[in-house]
Amino acid sequence: MIGNTPFVVCMVLVLLGLWALLFRRNLIKVVIGIKIVENGVNLYLVATGYVRGGIVPIYTYAPPDAAMVLPTPQALTLTSIVIGLATTALMLAFVVVIHRHKKTLDGRKVTELSG
Amino acid sequence: MRRWTVLAAFVIVAGSLLLGGARMRPFGAPRHDLMDRYFNAWSQTEAATSNVVTAIVFDYRGYDTLGEATVLFTAVIGVALVLRRLKR
Amino acid sequence: MSVVVRTIARILVPVILAFGGYVILHGHLTPGGGFQGGAVAASAVALLLVAFGAPSLKKLKSPLSVLEDLGGIAFVVLAFLGIGTTFFFNLLAGSGGLFGAASPIGPNAGFLSTGGTVPLMNWAVGFKVLGGLGAVMVLFGLFGGDDDR
Amino acid sequence: MNLAAHAPILAVAVPLLGAFALPLWAKLRPSLRDLWLVLVAGATAALTVLVAVQVYTVGIQVYTLGGAWPLDTLAPGGFPIRIVLAVDALSAFMGLITALVAVVGFAYAWRYLVEDEGKTLALTLGTLLWAGMLGMAFTGDLFNLFVFFEVTSIAACGLVGYRTWASRGPEAAFKTMVMYTVGGLFVLLAIALLYGEYGALNLAYLARQITGSVVDRIALALLLGGLLMKAGAVPLHMWAPDAYGEAPAQAVILLVANTQISLYALFRVLFTLYGGVADPAIGWLVVALGTLTLLVAALMAVVQMDLGRLVAFGAVSQIGYMLLGVGVGLTAIAARPAYGLVAIQGGIFHMLNDAVAIGLLFLAVGAVEKAAGNRNLANLGGLGHDLTWTTGFFLLGSLALAGIPPLNGFASKLMIYQSSFLLSPILSALAILASILLLAVFVKAFQGAFLGPKLSQPKPVPVPMLVAMGVLALGVLALGLFPELVVRHLVAPAADALWTGRDLYLRAVLGR
Amino acid sequence: MTLLTGHGFWNPLLWLAAAAGVTLLALVVWSRGRRDYTRGTDRELPFLSGEKMEGAHVGGGHLYWGFVEGLRPYVERLRALHSGLVNDYVGWLVVILAVAFLIVLVGG
């Protein structure tokens, strides 16, 4: 009996990423933390669609009369993965430019805007 | 910001999120799946597509995909803006 | 990079592009689709970037971003095709023309000419992702270089 | 093709198409790009107005994407499967705000942005931000809301990072991006929780299904966190002064509208999605955060020396008034509908007033920066000798924002003061105190930048920028002199849509 | 034209009329004042702490010195919270999330 252990595990992944976001000062590590949170959320989203014993929801060469898993979460996860890719690209671009100006990736030194 | 404040808040958030995961319906046994059963049953008829996920991505929820394509486009424009050459 | 890498890259790039094209083409029948195929094809750009260096790909930057623009425009235009009924209405599905064949119901061997606007949108998005990801990679590669930034 | 029926989707699709094509036109010729932008912006604004007219005269506009006809929301069996656009009075109101702000911003950007510094890309991002805001305002689908949330996030952050030649721009953009992304992920997690529970994504259908179980409550908290962050409520506002201070002026007013769209999404979640299982404690949380926002932001503004950052804190404090108004409404409306409705009206009216007044201020700050070359209050002074119009506009905007009668901030603030007085007199007192602090802030900024002897010779401000500011200034005056007309015809239906309009909204989408 | 606001009402035109009346009164009082002010003399110069200064400007930072000084403990604490550290930004988000979780799970 696994109950809903997979959901809890996805939440653990989210929390691990959040931990990195809270306590890692390196900007790249912050981005990595965001990616971990994002993967946890995506995993959670796709896990909601699983049906016990289901097959992938594609009829091409599917075995006859098999139950299929729910297709919507897969589509949503696809969308959110691409969105994650886009945000990561932009964030890394900012990190690159910050590094060019400051020659450091330490978040504690990138605090020109404060107070 | 105090480290202990953040830690306490983190513990509360962690507990709530784990509680949320634990109180979900059992894994692999969705309670409401009307919409998804409809997709599985009708995508070949309505969208003439054997791949149900693609039918959802480009037909039933094509607007989301448009938004997603826009996100990608926006990110590319953003990267081009941030990494552009400055004539000065 | 060394000659070995360059030579293998020259051989592999068409293969990768062809595989990406395959994933896009069969997006409505098998796992895959525009995004996945576009990402596969964009990995060819990544390989070129590693093998030949960013400066030699400088001339690719503009075509890639134009490709992305065109893919986006094509996608919106395909969505606009259905505006006679509703936006994103699948006009071509079951119409009998290109990609207009009705799909058999239930498990089947897969027929390429089904799906209506779905395969076309797959292509539009595939080119868009190829162009977008490729342009981003080239931009990152060029940033901070000697002859460009 | 029936244009009126298709107007909601066209209002989103036309700017998207326009943005995709904009870089191509620019490759051919900059003048073609400008012409195209004028066409797209004009068409989008006209479509938004058309949607608003339809909504205000006919009723809620529903549009099913890919359905057999626009009203084909339900599959056989009575549940929605496709993405549905549902535009009620509040959505249309938000659409009008974005249209006003975007058109003014583009007119301003014409001479404000410099061609060599990436004007094409900034204009494209502006168009995308506008389209994203319209998409957020018009959608009736939860996941679609998230997608357009991310469109606005990325476009906004790209614009914040416009000034890559200084280190402050990318820094602000990175911080904003991190906050937006984390907030967006929490929203997505909430959507995943709701989907897992109810197997649906349609707002109206979910609103019917929600029972208020533990998972629903956790999803509500996650949605609150994500959307409040994007709205910039204290203490989640930290990104806002950075972003407002560093973005180019025409983008800042879009960012301000963006925070308001996030507030709209928050209200949609609180009233429509969770309206059936409303919890007064959430209302108190919103009220508390609103009051905190008012005070902290106003106090922080007093000590700022950078003109852009100072006005940015003023903008953050305005979010507090909206939160206070609607929060009071959320708390009180079940027991005292009349007062609750006035509070909500005040909050929503203040969105329009804030967009106009703070927009005017930010545009004036941009003009000052362009003319004088810097924004530091220690170095500025005596600009009033040369920049007569800009001085007038800045004065008008700051007085309106501080709530001086008869300018436009006053009427909405009066409504908020009076209705929050009912909940607790302390709230009213704090809100008025914050207003006084804001007046002090703007007196300081005005005295520092515009009065006194002439220190330097500023460059003249280009006429299109003045015209853009003039439009907003006229808005300040008109909204101030005729608040009753605006409240009766525009704001009251929007406020009704939140509370009494919930059933209408659900019935329009679900047909029962 | 009258906006009802719950307890009271607001009419900008009435207010403008009243304001015009007050302005008129003020003008009348002003016109009865002393007439020996002349341009181009010392009277136009800014007067700072008894010192005559050419081109003196009271910048924005000099206003409310006492006010800000009185509030300094609070303001300094607030400024310290705006540390500019991106981890703190996320930390505040987590704090607010924790408060929201407490409210929805315990308080509700």
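So that you can tell them apart, the chains are marked A, B, C, D and E in the order they are listed, and the count of residues begins at 1 in each.
Everything below uses one rule, namely that a residue touches a chain if its C-beta (ideal position, glycine included) is under 8 Å from a C-beta of that chain, and two chains touch if they have at least 3 such contacts.
Just so you know, these numbers come straight off a predicted model, no measurement behind them.
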Common contacts of chain C and chain D? A, B
Please give the intersection of the contact partners of chain B with those of chain E. A, D
If we define chain centres by averaging CA atoms, which chain lands farthest from chain D? Would you check? C
Farthest from chain E by Cα centre, which chain is it? Let me know. C
Take the average of all CA coordinates in chain C, do the same for chain E, and state the distance between these two points in whole angstrom. 56
Approximately how many whole Å separate the CA-defined centres of chain A and chain D? 28
So how far apart, in whole Å, are chain D and chain E when each is placed at the average of its C-alpha atoms? 24
In chain B, residues with contacts to at least two other chains: 6, 10, 13, 16-17, 19-20, 24-25, 30, 33, 35-36, 39, 44, 50-51, 53, 55, 57, 59, 61-68, 70-76, 78-80, 82-83
Among the residues of chain A, which are close enough to touch at least two other chains? 7, 14, 18, 21-22, 27, 30, 44, 48, 58-60, 70, 72, 76, 78-79, 82-83, 85-87, 89-90, 93-94, 96-97, 110, 112-113, 115
Listing for chain C: what residues touch at least two other chains? 29-31, 33, 65, 69, 72, 76, 79, 87-88, 90, 103, 106, 108, 110, 129, 136, 139-140, 143
Which chain pairs here would you call touching? A-B, A-C, A-D, A-E, B-C, B-D, B-E, C-D, D-E
Per the contact definition, I'd like the list of chain D residues that touch chain A in the complex. 143, 146-147, 150, 153-154, 157-158, 161, 164, 166-168, 170-175, 177-178, 181-182, 184-185, 188-189, 191-192, 195-196, 199, 201, 241-242, 245-246, 303
What residues of chain A sit close enough to touch chain D in their complex? 7, 14, 21, 27, 30, 34, 37-38, 41, 44-45, 48, 70, 72-73, 76, 79-80, 83, 86-87, 90-91, 93-95, 97-98, 101-102, 110, 112-113, 115
Residues of chain D touching chain C in their complex? 1, 6, 9-10, 13, 16-17, 20-21, 23-24, 27, 63-70, 72
For chain B, which residues are in contact with chain C within the complex? 44-51, 53-55, 57-59, 62-63, 65-66, 69-70, 72-73, 75-76, 79-80, 83, 85
Which residues of chain B touch chain E in their complex? 1, 5-6, 8-10, 12-13, 16, 19
